[in-house]
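Two complexes follow with subunit A in common, the first pairing it with subunit B and the second with subunit C.
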Partner chain A sequence: MTVQARLSRWLRRSGTLIGFLIVIVYFTLNIPNTFLTLPNWLNISQQVSMLAVTAFTMTIVMVMGDFDLSVGSMASLSGIVAALFFRDSQPVLVGVIVALAAGLVGGLLNGLLVSYIGITPFVATLGTLTIFSGAAFLLSGGKTIFGRDIPADFSGFARGGIPIGTFNERALLFPNLTIVALIVFVIVWVVLEQTAFGRRLYAIGGNVEAARLGGVRVRFLRLIAFMLTGLGAALAGLLYASRVASANPTQGAGLMLDAIAAVFLGMTMSEEGEPHVVGTLLGVTILGVLDNGLTQMRVDSYVREVLIGAIIIGAVTSSSLSRRGH
Partner chain B sequence: MRRAVFFLTFLSAVVLALMGSVVVAQDAPVVAVVTPYLAQPGTQSLVEGFQAAAAEKGWAVNVIDTAGDVAAVISRIEDVVNQGVDAIVINVDPVQVAAGLQVAAAAGIPVFGMDAGADPLLVTNVTSNGYAMAAETATYVVDRIGGAGGVVMFVFDPYPPVQKRGIIADAIFANNPDIQIIDRITPDVTDGGIADSRAKMEAVLAANPEPGSIKAVWAAWDQPALGALQAIEAAGRQNEGIVIVGIDANPQALDAIAAGGNFEASVAQDFAGIGAATADAVARYLAGETINQRVIYIPTTLVTAANVADFLGSK
Partner chain C sequence: MGENGAGKSTLIKILAGVVTPDHVEIRLQDRPVNIHNPQDAFTLGLRFIHQELNVVSQLSVAENIFVSLPYPRRAGFLVDWPRLHADATQVLAQLGIHHIDPRQPIARLSPGDQMLVKIASAFVGADQSNASIYVMDEPTAALTGDETARLFHVISELKAKGCAVLYVTHRMEEVFQICDTVTVMRDGRVVETRPIQGTTPNDLIRLMTGRQLEQTYPARLAPIGQAVVLDVRDLSTRRIGGIRFQLRAGEILGVAGLTGAGCSELLRALIGAERCLTYDVLLDDHLLPPLSPARAWEAGFAYVPEERRAQGLMLSRTIRDNITLPHLQRLSRGGVFLNRAAERGASSAVSQSVQLRATGTEQITRQLSGGNQQKVLFARAMMQTPRVLLLDEPTRGVDVGAKFDIYSLIRNFSARGAAILLASSDLNELLGLCDRILVMRKRRQAALVEAAGLSAHDLLTLCYEAPA
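Right, the complex of A and B next:
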């Protein structure tokens, strides 16, 4: 391999990472006092935690070349389900467990439609997106559930954390939301990278026929994968409801596109263009850092949206162009 | 290789574009305005009123819209707290963003509500007086029907800002012994409120077929008033002199008032005035004044055929 070819290969895999580092250097130079500080990064980690949980578990189905459009409305639905139990004066744990169960059931429905009935993931999850969203509106009567109906134990979770010292005389917490996201990250990493289940999902993503002929139970594994994605979406919805101390039938809607974008950003870092949860973590971090840095630089919020979209397209374009060129 | 550096080139372009778009004012107070609702006309007027007043004071204002995402409001409050802005203005239910307000309080950064709702974590909230608005339209109805006759009310008690309006109208109608409340209706608002109010009003019209049996419709906001107007026109009873009033003076209501039909009055909130008064409250606080008023009310205006042209022109 020539030096140039080697450099090119390295750039191809690392283009997104290098771009990200440039963004960090740029923000550090322009926001010198606050950007590269521990409180700010803990802050970012907390802000992206809901997106992170959604994107990590979205990675599981995207490994097989599938995706799940219903995660956002599942997140809204799970928040509403939990809040209804809270309003009924049920213990927090009961509301949380039922909401997570709703995620599993929703994922089961997606999995059945995709793997047993054979509807394409786009159509199947577009349908369930509408069903979950409609259910969230039906159950809540279209209203936001907030105030006294949401127990302080539940909303306090998102505001709490583990004390890790002080910064400029302010107590510094390692946020609970960040801890949950990290736990989900480790679980998804182990499942995808260290188990036979994960290797089979990658095999399905590589060549579904070959996987089937090789004895992989494709249908069953896809079903399980969709259930895990549904469970993750429900968990993200609970984190969201805890953070805003309320539940609204549309509040998770923004998670779906950002989660898919984060996985795509992560895919640009892998040699084969496969999703890996480590890449997804980088994708989520890029989105969070851009939001945080551009806000602090007082860039207009609409300019910010255009920029983030352009960066996603730029990263994926550069990665696919360079892959095709070799 | 050439293609592989595409992304880097692209990023440099982004960075250059950013440099052009950011003007950092030195020393002037920096105030962040955070809202999920900038796409709504009322919120736009609020923000424009605030910006105009802030420009006169020479402040650097950072307007942040999270496009409906309430959790993102908390995130953006955390960001601007970290950045160390001088003050934060929110236009969102403070209860839902309490996590962000606590972060601001811990950092000693004052937060002001701009038509947001009262909250102990806010220095003050600048808004319109819901009680006063309801009193304006309820007394208009009493005066127009000579204090006697049947009145249909459209209320919405589950939502506190609208519940306030209903309770004042109840009191004013109860103070006129010759007024009978035919029905006190809570419409289903999931479709925006017009369609269901129309259906409910059609039922009331069917149950009260005698001309003159319904003297007025009092609605706690404009959508049910518009629905009632549609029902009355569809039933061909627009010439019985039924008086309809709403609150909020939304563009559709203004058109209906200007058309000169049964929809006679609504109340316009002075959103630009609320924005400007919020800026004044921030200025007073930054100058060291203690603000005792937890809520600052900005006067509203009764809109009728007499002055509707002023409001149509400004929309």
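Right, the complex of A and C next:
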């Protein structure tokens, strides 16, 4: 391989990473006192934890070339379901388990529609997006559930963490939400990269007909994958509800687009343009850092949205252009 | 005429401007012409009726007929629907078709009717433009007897008008019914052009197959075993039926038939890719439940599909991923966690035994040549030492050297006691490798013959509906 080819290959895989480093340098220079500090990064990690959980589990379906539009409204629904059980004075654990079960059932519905009935993921999950969202409004009566209805055990979880020292004489916690997100990351990484199940999902994404003829139970695996994505969305909804100590039927709005964006950003880093959960982690980090840095620089939130959208398009464009040149 | 793969379709694609030839000289009415794209062909007066039903299924019959022409307009930009439908009715009537309403969606029509519409669309604007040559590639493949008769009537009218017709078919009797001269192709070359008068079906079959055995085939390594491995007592799907055969350990059974005769479908039914209507199959004397591909691989079937890119390989994945896919269960720890070391060891061992030329098992499959991609599929099939090996066109698009490697591989499988089904459109390949040959005709099993002593001529005769 020539030096030039090596360089272009390296650039293709690392372009997004280099861009990210430039962003970090820029923020470090412009926000010198706070940006590159441990508390700020722990804060970022906590802020993106809901998105991270959603995006990691979204990667599972995107590996097969599918996607799930309903994750945001599933996150809303799961928060509401848990809060309703809390209001009923049920133990925290019951509310959490029922909310996660709702995620599995929602994912099962998506999986049945996509793999057994054969509706395209776009239409199927667009439909369930609306259904889950409507259900969240119906169950909550359109109101936010908050205050004494939310037990302190539940909302305390998001404020807690593992003490890791002090910074400027303030106790520093490694946030529980970040820990949950990291655990989900490790699980998804093991599932996708270290199990036969994950390999088969990649095979489906590579060539669905070849996978089927090569002995992969395509329909069943797709069903399971959608259930995992639903479970992840429900977990993200619980994290959010815990963090804001309330449940709101629109709390998951925006989660879906950001999650898909994070997976796309991660895809730009793989040679063959396949989703990878490590890439997704980087995508989530990029989105979180941009949000954090721009907020600290007091950039208007609408400008922030425009910038983030442009960056996603830019990263994916440059990656697909260099692949075409290849 | 010509066998599958003789070059008929390529010739038509060159005329249609779809395929760019290395060298070409086409003369039309004694003037040299150039055809670079389909538009050129249209302007020169060439009209094509392709074998595939390439209709736009969302559109109506009338829209499909006029799809390549400007629609009649009203007020400059609105489509004049009544006129479009009237024109379409008239076009259909020219072919004696009165039972098709041009307003209905074409998807609702039977395949035969769709083909008639497609044929009709080739005659649109024939009066005003200079259409003079009609090229038809197996137009009757989907037509019933009545519809065929109607088409032949139209063809004779075209002849009377002074148009020329180039007619490609697999059906012997049609050539004698409507053609004046016949050109036989073989291996991409014209063998002979002769008048139909004084030619017999036997002559044509001799011309189509009359080559010497250019390819040498490796000899059998071990005798056929006694045990019946696969006993297909009855097998039918919506597409094929009447399948019944037994296969012994190490035996190679060829599957022969013309395009569309159902050879691939037979193999797909056995691997569980098609839903079976009747399924009475024994493997090693045990009755099999109807299979899915996943269960078929587990039961000991292995399959090399016809289209290696579309049906066989995940091109973006490594060679190792492609080889181990059906065997992951066995190669993983506890059937769950990947064991990459075991995968690498097993896949590099089978890669060597199929003589795969690659930089290693971690190479991306897309980067391999066609022959080596095919060997990846053989390596996949070889990994578990299959009981039954299903091979669909295993040497298609493979160069001569790799072909011989693949033949040797098939012999190796056979020596290890696998029962092998080999579907191929290369008759000499079938005769060179197989012990017996199952002939498919019109999607049914038509004959089951010993290969010894059979000539390509005999075999092709069997593939055609018994010629007069």
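The definition used in the following text is that the second predicted complex is superposed on the first by the 326 of 326 C-alpha atoms of A that agree within 3 Å, B and C clash if a C-alpha of one lies under 4 Å from a C-alpha of the other, contacts with A are read in each partner's own complex, and residues count from 1 in each chain.
Throughout what follows, a contact is a pair of C-beta atoms (placed from the backbone, for glycine too) under 8 Å apart; a residue touches a chain by one contact, two chains touch by 3 or more.
Nothing here was measured: the structure is a model prediction, and the numbers come from that model.
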| item | value |
| --- | --- |
| Fit or clash between subunit C and subunit B when superposed on subunit A | fit |
| Partner chain in contact with A:Gln90 - subunit B first, subunit C second, else both or neither | neither |
| Centroid geometry (CA): angle subunit B/subunit A/subunit C, rounded to a multiple of 10 degrees | 130 |
| First, second, both or neither for A:Asn43, with subunit B first and subunit C second | first |
| Partner touching more residues of subunit A, whether subunit B or subunit C | B |
| Which of subunit B and subunit C A:Thr295 touches, first, second, both or neither | first |
| Which superposed partner A:Thr195 touches (first subunit B, second subunit C, both, neither) | second |
| Touched partner set for A:Gly147, first subunit B, second subunit C, both or neither | first |
| Minimal inter-chain CA distance - subunit C and subunit B, angstrom | 21 |
| List of subunit A residues in touch with subunit B within their complex | 4, 7-8, 11-12, 15-16, 18-19, 22-23, 26, 30-31, 33-34, 37, 39-40, 43, 46-47, 50, 137, 141-144, 146-147, 155, 158-159, 170-171, 240, 243-246, 248, 250-251, 253-254, 291-292, 294-303, 305, 307, 310-311, 314-315, 317-319, 321-322, 325 |
| Of all residues in subunit C, those that touch subunit A in their complex | 271, 273, 292-294, 296-298, 303, 305, 310-317, 321, 325-326, 328-329, 332, 335-338, 364, 380 |
| Residues of subunit A touching subunit C in the complex | 193-200, 202-203, 206-207, 209-217, 271-274 |
| Contacting residues of subunit B [partner subunit A, same complex] | 1, 3-8, 10-11, 14-15, 17-18, 21-22, 24, 30, 38, 60, 62-72, 74-76, 78-80, 82-84, 93, 95-99, 102, 106-107, 158, 189-190 |
